[in-house]
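Quick one: structure below, then a few questions.
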Amino acid sequence: MEPSKAKRVLEAALLAAQQPLSLRDLQSLFEDVLSPDVLRRLLEELRDEWRDRPVELLQLASGWRFRTRAEYMPYLERLNPEKPPRYSRAVMETLAIIVYKQPVTRGDIEQIRGVQVATQIIKVLEERGWVDVVGHRETPGRPALLATTKKFLDDLGLRNLAELPPLEALNQTLELANER
Amino acid sequence: MEPSKAKRVLEAALLAAQQPLSLRDLQSLFEDVLSPDVLRRLLEELRDEWRDRPVELLQLASGWRFRTRAEYMPYLERLNPEKPPRYSRAVMETLAIIVYKQPVTRGDIEQIRGVQVATQIIKVLEERGWVDVVGHRETPGRPALLATTKKFLDDLGLRNLAELPPLEALNQTLELANER
Amino acid sequence: MVSDFQPTLDVPVQALLPFAMIYGQPMAEMPLDLYIPPDALAVMLEAFEGPLDLLLYLIRKANVDVLDIPMAPLTAQYLKYVEAMQASNLELAAEYLVMAAVLIEIKSRMLLPKPPAAIGEEGEDPRAELVRRLIEYEQMKLAARSLDDLDHADRDFAWVEVWVEKSLIQRLPEVTLDDLKDAWLGLLRQASLNKHHQIRREELSVREHMGIILRQLRDAGEQGAPHVRFESMFDLTQGVPVLVVHFLAMLELARENLLELSQAEAFTPIYLRLKAMSMDSEVNFDYGTIEG
């Protein structure tokens, strides 16, 4: 198949996808095997073609997917007056601990936050598909070990955990602040 | 808002929409009212911009919607291969009778199957292009005589009917099977 | 080590925004010495995620080094809030009381003379564990904010999901020779078939050609020339066996009264036409006029 035609097939598939498409998914579109190099080049070309458009092609943890640019959200929100609720601080702090300290138990989270963690909070994150149980710690009660999922990375536009904002080194900032 | 910017907002909304968007929906994207004429013109421009792309903007009864073009479906299908459907036993038996006893009337088929043959069954085979009416028997009612077509042979990879499994051998297998 | 724990007017590091709205007024910081109405206390209690959060707030507001916390004033202030909340009969999470006990314990340990440290070792600061927890919690608190600042699916962007109309492509059932064979065997099993339903290969060929002839004549009829010359029915390139089968099929069709063979007189051309056609074509057809 002509590369230009293959690119249009990729575009159609990615525009219609209901989840990010992995390189393997994208390979399966073609009867004749497309080399990974060619595939990657076509995807990058496609991403460039969409550079100045209201929709962007992103490489995420589980594959490639188109999404609307953030600047268009204020308009799109008007279509659905029911805004998705922002997560509470309790949810976001719990998420941050799971993200940066994973795998963690609920006990670990409570230890760091200094308060009980309501079941509801974990449930919100699990139902969103951002967090799941990856095992159990071999201590009394065999508490569940929580970790983040690929969907979490996808939904935040990240390819892997290393792309997360780095933790701030607090001690130093503080000392510097005091010196002033 | 600049018309060109409004067009991009429309594009983003339509690409992300999970159902057709009516003119009223599309109006609601904008804080300042967009006249129906301008809106329609922008939508038509958008449709033209997408003319040569793998996805098309369609105006449907309930609104506007992007859809992947039919010619890309064979590729998209490979992403989620579905099991090909199968013909019912009634269709297959009817086909077998037409194949082996052609030309036959519906009455002949009913006599062999011992049950009525629904019009729908014949229609399925006719629409597939596998069976057609080659004449009429000169008996009361002048029933249509059905026979298989060249397309049937092509689709089954046969040059002629004599390449079909011979029935003598089949009947023997069956008799042997029944004796055991 | 001891410094006064004097709240300053400096903007607290993490309280750039009013942390609570009391009676419609933004409350940029906690009223310390004023009477705190119970409603306001309730809002405050909600504004903090727990005792660590409250402690961090007090420390940041006073602009003191978290590594060198003046324990006495901090403990005093913390207890003041806790007491106020208890006095207002607010349901205070047990963690707040536990933290109060921890603070008091640290404070008293700091008043004790230091035990002689082992050579080359510094005795551990009683505040060390609390400081470690405060730093870790603050780090997570800031991480939570930067996570919140990232673009979230459905909140800050929408996924593109163009409609795929599955019915645009019609999936047709596939039929194999085995399927056909099975269908026929199924019919035989139904037992109503007798010997004459056994079909030999030769017969199948004849049947195929019956269909071919009927189609030839049908097409001729549709083109307005229902009468077809006998010779033109045969494709001489196909070889003798096929010609024979074709002829047999023709005879079988005539026998089944499906076609009509006619010849005006001896040695003139033979014509075929569909029997059915005679129903709606003129009865007194003059074969002679066709000749020529």
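Per-chain numbering from 1; labels A, B and C assigned in written order.
Everything that follows uses one rule, which is that a residue touches a chain if its C-beta (ideal position, glycine included) is under 8 Å from a C-beta of that chain, and two chains touch if they have at least 3 such contacts.
What you are looking at is a predicted structure, and each value in this text was computed from that prediction instead of being measured.
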Chain located farthest away, centre of chain A as origin (C-alpha): B
Chain pair, most C-beta pairs within the contact cut-off: B-C
Central chain of the complex, centres being mean CA coordinates: C
Distance from chain C to chain A - Cα centre to Cα centre, in angstrom: 15
Centroid spacing, where centroids are CA-atom means, of chain B and chain C in whole angstrom: 25
Chain A-chain B separation of Cα centroids, rounded to whole Å: 39
Where chain C touches two or more other chains, by residue: 158-164
Residues within chain B bordering two or more other chains: 12, 15-16, 55, 66, 68, 76
Complex contact set, residues of chain B against chain A: 8-9, 11-13, 15-17, 21, 25, 28-31, 53-55, 66, 68-69, 72, 75-76, 78-79
Interface residues, chain B side, partner chain C - complex: 12, 15-16, 18, 55, 65-68, 70, 73-74, 76-77, 82, 84-87, 89, 92-93, 95-97, 99-103, 112-114, 128, 132, 134-138, 142, 145, 147-148, 155-156, 158, 160-162, 164-168, 170-171, 173-174
Chain A contact footprint on chain C (complex, rising order): 13, 49-53, 65-67, 93, 95, 99, 133, 135-164
Residues on chain C engaged by chain B in the complex (per definition of touch): 158-166, 168-169, 171-177, 179-190, 192-193, 197-201, 204-205, 207-208, 210-211, 214-215, 217-218, 256-258, 274-276, 279
